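Letters A, B, C and D mark the chains as written, and numbering starts fresh at 1 in each.
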Amino acid sequence: MSKLCSLKEAVAEYVSDGDLVYAAGFTHLIPFAVGHEIIRQGRRDLTLARATPDLIYDQMVAAGCARKIIFSYLGNPGVGSLRIVRSAIEAGELEWEEYSHYSMITRLSAGASGLPFMPMNLTAAPDLEKVNPNFRRVTDPFTGKEVMVVPPINPDVAVVHVQRADKFGNAQIWGILGEQKEAAFAAKKVILTAEEIVEETVIRSDPNRTLIPGFIVDAVCHVPYCAHPSYTQGYYDRDNTFYLQWDEISKTTEGVLQWLQEYVYDLQDHAQYWQKLGEETHQRLKVKEKLSSPINYGEF
Amino acid sequence: MSNPTYSKTELMIVNAARLLQDGDLVFVGVGAPNLACNLARRTHAPNLMMVYEAGVIGAQPARLPLSIGDPTLVSGATAVCSMYEVFSLYLQRGNVDVGFLGGAQIDRFCNINATVIGDYQHPKVRLPGSGGSMEIAAWANRCYIMTPHHKRRFPEKVDFCTSAGFLSGRAEREKSGVRGKGPQAVVTNLAIMKPDINGELEVTALHPGVELNEVQENTGWQIKVSSQLERTLPPTEEELHILHVELDPTGIYVN
Amino acid sequence: MSKLCSLKEAVAEYVSDGDLVYAAGFTHLIPFAVGHEIIRQGRRDLTLARATPDLIYDQMVAAGCARKIIFSYLGNPGVGSLRIVRSAIEAGELEWEEYSHYSMITRLSAGASGLPFMPMNLTAAPDLEKVNPNFRRVTDPFTGKEVMVVPPINPDVAVVHVQRADKFGNAQIWGILGEQKEAAFAAKKVILTAEEIVEETVIRSDPNRTLIPGFIVDAVCHVPYCAHPSYTQGYYDRDNTFYLQWDEISKTTEGVLQWLQEYVYDLQDHAQYWQKLGEETHQRLKVKEKLSSPINYGEF
Amino acid sequence: MSNPTYSKTELMIVNAARLLQDGDLVFVGVGAPNLACNLARRTHAPNLMMVYEAGVIGAQPARLPLSIGDPTLVSGATAVCSMYEVFSLYLQRGNVDVGFLGGAQIDRFCNINATVIGDYQHPKVRLPGSGGSMEIAAWANRCYIMTPHHKRRFPEKVDFCTSAGFLSGRAEREKSGVRGKGPQAVVTNLAIMKPDINGELEVTALHPGVELNEVQENTGWQIKVSSQLERTLPPTEEELHILHVELDPTGIYVN
């Protein structure tokens, strides 16, 4: 059964006010187009979880979508401070819950595995454990030593961008894998966006490349350039100019509101957004082809 | 203080690179640590292997990575794994020799704060947070820190201990049972400081042209000085050439 | 630094009497050639761990290499009983330690991750827990419920067969992945055998395919057809005739000893073994090519 | 008892296939369960998805797999994952609708023994052991068992409980908190048995030509009989054609 639909339909159907949303992608394959569509549809009171909130959550917080943020590193990657989220926290206007990368991803792994907790070795760093009650300790029954444990996180909806998928949602990802697989398995609903929708035979020609099976996916959306301004391995480069510009834009509320008006609210969808970026940007972000050596699965 | 042919950042990068050993498996960040590793690989440590927290192993980036998730780290790398795997199979398992740490505050016992200035619930300044560093500080065999030397960056005690240095002293860290040996050196634009037998930082070397009082003035406590205080050698022409011409030709990080 | 050496050298150097050996490969990529070399070199008192002991451990037990076996399923896959191991256990001549597949692999994952234990949900099946003290329970501090935990297993040496590797030991595997990665990371020493030794550039053309990084590998051995009589995806089929024959051979001690003499002790190495199997077998096990669609990593 | 045009194994396979639902995600073993799934896919359940414990998802095997690790399961499959992942992300997470179980003994409350006959430490017969079944029995939503009907296979109580049926009764299983609903049916060459409200097996259907006393003679306790005892329909020509011609043309399993 095909799960193909527009991103507008997917967000309308699967993202509700108050949801815990996990937009996956560790600084690669960040699903910006989905963030924009959630902003456009005016969702409120979301809890936004991501290891690195990046500009996508800065924009969603600026647009008033979020009540709370769950994260492990707060920055404009390679540029500096994540101004909107940071000032909202400093002003007491945004709830937050904080982890290290590993404890964040361990929670997601526990969620993906259906486990009530997962263990981590102690780090001796005392303070995060004091401020976040989701860090607890159990005694290892084999050695008597203490081990840190964190509970699962099971987002209401995970948003995962991939290079290619078939209409059933079987999805292949390459380059940096981040926590894409764990987010998809942990979540109750999965919105999948893909640079390309390919025939099932393409997926089946290389099953070891498939990270996400279609049966856990609820909506499959064909959204080329979904990750702009971030990267998609093999498809386009990061728009670093925009990351630098955002550092300026996000210095004032007016700047942010004006940007949101022009690039989100005034546009119908991501195709319009990409068109609006213009030919110079399109050319600048192009990457040359570099193919993998094929492998032989054999006729068995 | 400095020779006009190199910047403060270059001075730190060159001195950090010299601390790396051939064959080290290094958990690298972008920016200065990335440059230090690449410099070491091109000089005395050709078999140094770079692992990035995004899950990239044996990267050979063709350009300066724009972020920790840059595809340039992947194209031509040896292996890619998930983020969970790089922290469990590599770091927690004890396969990482060296980690780089950074933070807004580093204290007398080399504890690191990357979380908040002020009270946690009502922060004066909200910093980026741990990222990978809580675990890197605990589980990498050795850790290094590069940071400019300013009084506000070196308080006697951090406002928030994001990543463990030696806590209240080396005995406390050892009692905690974490596998890594903790920070081995802090490289600043003025000096190199290393933990003494109790885990307290002491100045072990001054950079060319820097005097001790300059270090003390920029440190928030009465800093110890090693009985074998050394002076670092200035960056060589080869080191500077590699940095300027090969690694950061547009001067994004080194200037 | 190249780690290439002969299998004879690798076994001499890295497998000692009394070692805990994990020959990996879940019914695919089973490193038979390494088992034979261990038999040939007369190792004793080994503890042999594998989810499915398969014929490789049947042969090693028959040859007197083993003191103990750790397993989760004891059978001649697709054929029937694993006669040698079974009768050695029934006769009280072989120690054993037993798991389910999941608890076995969970132990290996804990070992690979440097964790003192890993959790599993309860299964309500009471009896294995009673006879194996490595199943213990802890209370989940979040829900108060009980969770099963097992300790890590860290083999002295793991043996892993792969399709292709470079001389540094960076290894790519496709088809059924089993527990290859976990075994390699859990072990103190790793012997890697490969169907093909390829240039480093081949590995680097597709880094997402690399499961085992060279720095955890101690020896790299070029051993084509290493997995015979089991399968290697894309390279050769299972020699099912042999699996059926073994069911007969292993009915008597004489049959086994005679087979070991003829196919192991009397031969120098795996190349001779493969030659001895003859042209008919070579032809019968060939597989036709079926290539994956290449992907674009892009020049970045 | 039987119509000469089909074997006892075919009778079991056809009746097991009929218990599968369209869209089921099935954790399959090789042999008879593999045939039952493929038969269901070709008849009433075209969207049934097969997952193999070796980590293969959406397999479309071109031949009968020789073992659970057969590359024919991989070539043309939708996805491959590690063994740890198939048991955690798929089975433990609750993504598996149906599991097939097998064993040397099945008892009154549908508990399964695949471990030993006799004492565990000094076994009379050493059986294969759990494999995947301890977890499949606990975490798959529904489980089915196919086995020939012999008295020694159906003792009142298993010698060793490898995989949980209903333990001492349905209440005990429910109290244990395992997510799966447990065995739903045992399909033999004589009959279909299902757990009653207390989790005790009762005969719910007899195969064509079989009488109740034959079932009782081959069962090790006083077997209950459903008040709505049915009779199964014989395998259809279509079902037998698919089994004979498409799925197992050389008769490896069906004969």
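By our rule, a contact is a pair of C-beta atoms (placed from the backbone, for glycine too) under 8 Å apart; a residue touches a chain by one contact, two chains touch by 3 or more.
Going by UniProt, the chains are A, C = 3-oxoadipate:succinyl-CoA transferase, B subunit; B, D = 3-oxoadipate CoA-transferase.
Small disclaimer: the values here were computed from a predicted structure and weren't measured.
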TODO: Starting at subunit B (3-oxoadipate CoA-transferase), figure out the least number of steps needed to reach subunit C through touching chains.
DONE: 1
TODO: Find out how few touching-chain steps suffice to connect subunit A with subunit C.
DONE: 1
TODO: Could you tell me which pair, A-D or A-B, is linked by more C-beta pairs in contact?
DONE: A-B
TODO: Please name the chain that ends up farthest from subunit D (3-oxoadipate CoA-transferase) once chain centres are defined by their CA atoms averaged.
DONE: B
Task: Distance from the mean Cα position of subunit D (3-oxoadipate CoA-transferase) to that of subunit C, given in whole angstrom - done: 28
Open item on the list: Report the inter-centroid distance (CA atoms only) between subunit A and subunit D (3-oxoadipate CoA-transferase) in whole Å.
Closed with: 40
Task: Distance between the centres, which are taken as Cα means, of subunit D (3-oxoadipate CoA-transferase) and subunit B (3-oxoadipate CoA-transferase), whole angstrom - done: 58
Open item on the list: Quick check: what residues of subunit C touch more than one other chain, meaning two or more?
Closed with: 114-115, 120-121, 145, 174-175, 177, 181, 208, 231, 233-234, 237, 287, 290, 297-300
TODO: Going through subunit D (3-oxoadipate CoA-transferase) residue by residue, note those that touch at least 2 other chains and give them in order.
DONE: 56, 70-71, 74-75, 80, 88, 92, 139, 179
TODO: Between the chains shown, work out who touches whom and classify the graph as line, ring, star, complete or other.
DONE: other
Open item on the list: Per the touch rule above, enumerate the chain pairs that touch, sorted by label.
Closed with: A-B, A-C, A-D, B-C, C-D
- [ ] Spell out the residues on subunit B (3-oxoadipate CoA-transferase) that touch subunit A in their complex, using ranges where they run on.
- [x] 30-31, 53-56, 65-71, 73-75, 80-84, 87-88, 91-92, 115, 120-135, 137-139, 160-164, 167, 173, 176-179
Open item on the list: Help me check something: in the complex, which residues belonging to subunit A touch subunit D (3-oxoadipate CoA-transferase)?
Closed with: 1, 112-115, 170, 181, 185, 203-204, 207-208, 210-216, 297-300
Task: Residues of subunit D (3-oxoadipate CoA-transferase) defined as touching subunit A within the complex - done: 25, 47, 49, 56-58, 60, 62-63, 70-72, 74-80, 88-89, 92-95, 139, 179
Open item on the list: Which residues of subunit C touch subunit D (3-oxoadipate CoA-transferase) once you look at their complex with the stated criterion?
Closed with: 26-28, 51-52, 71-75, 77-78, 81-82, 86, 89-90, 92, 98-103, 105-106, 108-109, 120-128, 131, 145, 174-179, 181-182, 230-231, 233-234, 237-238, 240, 243, 287, 290
- [ ] Under the touch definition given earlier, write down the residues of subunit C that touch subunit A in their complex.
- [x] 114-121, 136-143, 145, 147, 149, 151, 163, 172, 174-175, 177, 202, 205-206, 208-209, 231, 233-235, 237, 287-300
